[in-house]
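Labels A, B, C, D, E and F are assigned to the chains in the order they are written; within every chain, residues are numbered from 1.
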């Protein structure tokens, strides 16, 4: 492929995306492998260079678990779901906000761009309520389990993001929300990213994860383009299953609510973010209406 | 005192302070006693109600020490100064940013106002460099001690604060800075508040602490008004001494650099913040040029 | 009552009223006792200090009568109503615009604030038409009486007030209107104040008068809070009667047409204006929807 | 003269004057003959129609005298100068502000344009100080005479005029000023017009009076164009003398202080204002640097 | 007629037209007689002086024919209509855009005002499609004739005109359009002027031509004012006929689509443009709704 | 080369050039070969897509000569220089403005972007004066030759370009200027492009021509980067000679006068414009200070 052809292909996308908002969920190995994180951050900064408004949302499960163990606090799981007691929440908040979030902000600063790290209680960005007890299978029986300080998002007030984006900062959001009594709650980062994308009327939501995208049943081929109805049909038919379903759900909700496209992209391969956005075929799965 | 007289006295101050910036350093018992913190926050929110632009800067030494001990990490001191090794810094950052800062943001949200918590590496607010080794007396001898990840501020970029204040958020700043290589450093909160006040051309800097203000040698009387030259003379003459000197130094630097007045006020007495600002005599010490 | 409690009570009102428009009708003794007028003016200027947009409307009946007598022109009354022949109107206009209005402007200038005195024909502020003959009882019989150059307001063009308020002037309005042929007409100042408050979508209308507010039948207690429907019921039941009815009518019309609250306050007691606005209970009667 | 030639001659002036400020002093018969006043007002309104910012300043000597006599107050003169005792000032103020000024505002309203009448104490427009005693010849001897409440202008704050002009009102100014203690003073209207023109950086000052302009010694010819130095020389040589000197003095001061041209025009001849402005030769005297 | 009367008559029109848009079609002798063209241009520049936004649209038939002949290319006509083959279009475009248009721009520059010459393909101002074959009488028989590169306007994008007018340029438009494939087409200048006037929501369309306006059947009297319905009736009744019909059609379409008035004026008489606009009676025919 | 590497290399340039002005001189084969012209136009449109403000300047010598011959007018040359008599200028103007310029505008319209074609007399863009007679060698002798209607640029008024660029049009400029008497003059297109770049404080001037850039003496290697002083030295040393000197002179003048870089690029190779701008090494010669 000749340089000029790459450019001819990319420039119209660059034009199209100029000034548009993109919400990127950082997950997978990027959260445990510093060199992958750095590459992803560098790509995200390049997106800002060519005029996109970039918002990063990160998770941090593995590091929370590690820190809890270091502090002699054993993580509790019931039926595979983590129970977040107040002490766990305090550790989660310290790790997410005081360590991971600040670390990403520093990496962006090192690329010569300015970021501001916030969590969902800053500017009342994410208002949540405590999640209802969940029915899960524990051993042989179904059981209602109270997950503790875990929230589901009720309302998003994106003004703080608009304010930071208008000043050319990259906002970096930790998945903590606040309830109407001012209590913090842990929330799912995929969901947070999708809700933020909707509230911002973002142009794109990109979920950087560990798989190459939505694949066919044999896992030999990535579907590069999926319409919402196709995705729904494939879930119904069981073609899409397992861990991909929760990832896709955020994307589907975003697309249903005005986000022009949502992407599932393997963040572990270098520069996949750029290739997904600036080439005709892309590398992951792009979901549209 | 009749209500109308209080109003007649207060209204001209309210007019005078409208739209002005006030930087408030939260310290002393407010950092360990939740009910005092709540009262102070409520007063600060009232200041915003009458049109002031409020910036809060907090410390957090006692809670860091407590958390370190809880995590089995023994705080190290040499000649009375804390040594901040990387592990200590990580804990400090998690406590300051992930716990205290977020807690203050939640309290403000509970008062019906919106805050955004940041640290000095957000938006490159506070650029610092590692502090040179300090000469301290260790036992009988003077010794050069490397304090570790402790910084002194070289540059303040207040744009993120302007951006948040313009949108009517109360910024809450944790005393962490970033060096030019993107490494985090712990910094002194009194100094951070003074430097921020200078960078914002603030109208007032208020240092809320545990003492009633600058007192005479017998500690019977508070000096309610001090000119900069008087304060300098009193330090020279040894009238002001001990722990008050570092507190006053930030105030003096602020006043020398364009902040109209700097106050030392006992934050432990209810509503002292309001009385200092809206009465003719005040309750603490006001330092001016 | 402690100072801080007065402040804690007042500050939320000050916030709430910031930038809001208040129309104050000056009447009663303030129009004949210079020292009362001066106190009221000083309070009004304080309201502007804390960000309110203040418009003053004044009357002047007693002084017009005095000047007519000094000029050897006997005031004529039929059935208790003043007959305004052209000569009377000329005197009224000279007294209201050339003397009282200018005097209030000078008092405000002395408080360090700038005012601009206008009458209803400036900028076509108040367009009126000659009032229809009124049926009044003269001796034993009812009779139709032509009141002469007296108008009722048909239209208010508040642009000149917006223009002056935007430049931080206090507009002072004399109760003269202009008809569509460019002829001046005398108008009732209470009505003028109410119509101006409506046209400005004012937040408050305050009628400063000689009584403490709406009182119960025994005149022992002031109703501090009245809903519009309550006031209507009390007038229907005859609890409110006499001279209070015309005062209340302007207030009721204002509240019906978008003015958030209308107050009847005794202007003769010092600082009642401040106490009515900045305390929870107030001192006069506040009428709301 | 053909219509098209008049237009060809006038259009470039209309372009040149667009958006420019013109201060017009109304004097002479216009102040006593209503039909002349109406014609002048109509011309002034036409100037606003073609984009000029028009400010009117009026006098009112004859009417004050008439009203004083009607009120049984004998005007006092010493050596030809009027003595303004407090009672005289009150009458003057009532006549100027409450009668003449309001009358002009009504006439302008009748032409379909909006005016706002003010005096020099509105918005602190004209700050004056009491005039020093004047030496005048009384009978055979020179005598120092205190003229009473008569002021000379110390400072002009044109903001209220800018504010009204920006909203397309025609400001109409009565010759009353305020001293620094808030006391009203009578002032000379010619001087007031000149000072206002200077403070507004007006493009033109037009003094409408009863004579055709500056004439030669034989009074047979009007000088249509005069340079400032020529006027000074003619005064020095005694060619210009008598009542024209005080008229010219205001014009000369205006031209010395940035007003591009000052005109003396006979306001008694119909439409002289238009002919002076929109024809090459003009009809009165135009003074320039 | 006295100068002041001409002014009194003209000034209200000048006011009324200030800031309004006028589209002037230059035709008739002005396109062949340089001195007439210069007079018309000077009048048009005067219109801009008094605040109108002037757009000029020109034709150029005679000069195209002349240039074709000079280049040895014989103009072809069928049934009186010119056939525009590609070579003819190229010559027409060169003459209209490269000669006549540039010449008008230079004349305006000589009057001290700035113009920008464009054609309908600049900024996609005039989008046209190739005209359908026309039925014309050729000798004895009716015949369908393909006129070649001749267009009829489908869409007007006036943004380039707004942009130039906002910067005080006089746009000069050559009657060339572009089709949706980017091919140039010749168009009728009368139609172009009318469509541009509609797209600009112009206040006036003036068609400068060789006749005095719409005349009665005897050609003794010009109808100075015509309502649209009258014009329609007169065409229906055959009173208006011949070459005037196509001229009127553009005017009628303009008036039907929001242009306040459309004028047919003899451009050969000096300053007719000014007399038509600034006198009560006018000189040509003014068509209104 | 991998796609992602091309993107990583290009994106920082795209960022750097965003909002910057680039003046492109179209010359060489692009002026005679329609397919080359189309490719170049498409690249220029892509530059606008990624946020650059593009101005095109074109020449047209060969086509003028061709058209003259077609019109039976023999081009005259003295000592290799074209003599532009009035008839030649008329033809040149018709070809440049009425044919080439309009053609480029149409091509840009076909790419979905809007252009506006102007020449130097539009908006007084290029003010020139007739060039002094030049000394040229004619046969054996040097001779002063009057080149006729040929101008050299004295002043550039870029306002019309700013106005069009602000509205996102691509201005296309024909090399015609106007002298202070309103007469058109032919000018050199390379010079026009350089002067326009200077007047616009352009970021880049690109001269698209038929050679690959500045080459070494053997013509085997292109100098991709040249400092101004190097270029001057190479001209002094005779390394650069012949037709490249006049091309370089415009570039050098531009760089001396604030244009950040000037490029000589072979426009005949596809997409060289993109490769020169968006790759590290470039393909032609970039001249900087």
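In this section, a residue touches a chain if its C-beta (ideal position, glycine included) is under 8 Å from a C-beta of that chain, and two chains touch if they have at least 3 such contacts.
Nothing here was measured: the structure is a model prediction, and the numbers come from that model.
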Intersection of the contact lists for chain C and chain D: none
Path length in the contact graph (chain B to chain D, fewest steps): 2
Fraction-based call for chain E against chain D, same above half, different below: same
A-B compared against A-F, more contacting pairs: A-B
Averaged-CA centre spacing for the pair chain E and chain C, given as whole angstrom: 61
Between chain F and chain C, distance of the C-alpha-averaged centres to the nearest whole Å: 74
Contact graph of the chains (line, ring, star, complete, other): ring
Chain E to chain D touching residues, read off their complex: 1, 3-4, 6-8, 10-12, 14-15, 18, 46, 49-51, 270-271, 274-275, 278-279
Complex contacts: residues of chain E adjacent to chain F: 70-72, 90, 93-99, 101-102, 105-107, 109-110, 114-119, 121-124, 159-160, 163-164, 166-167, 169, 176, 178, 181-184
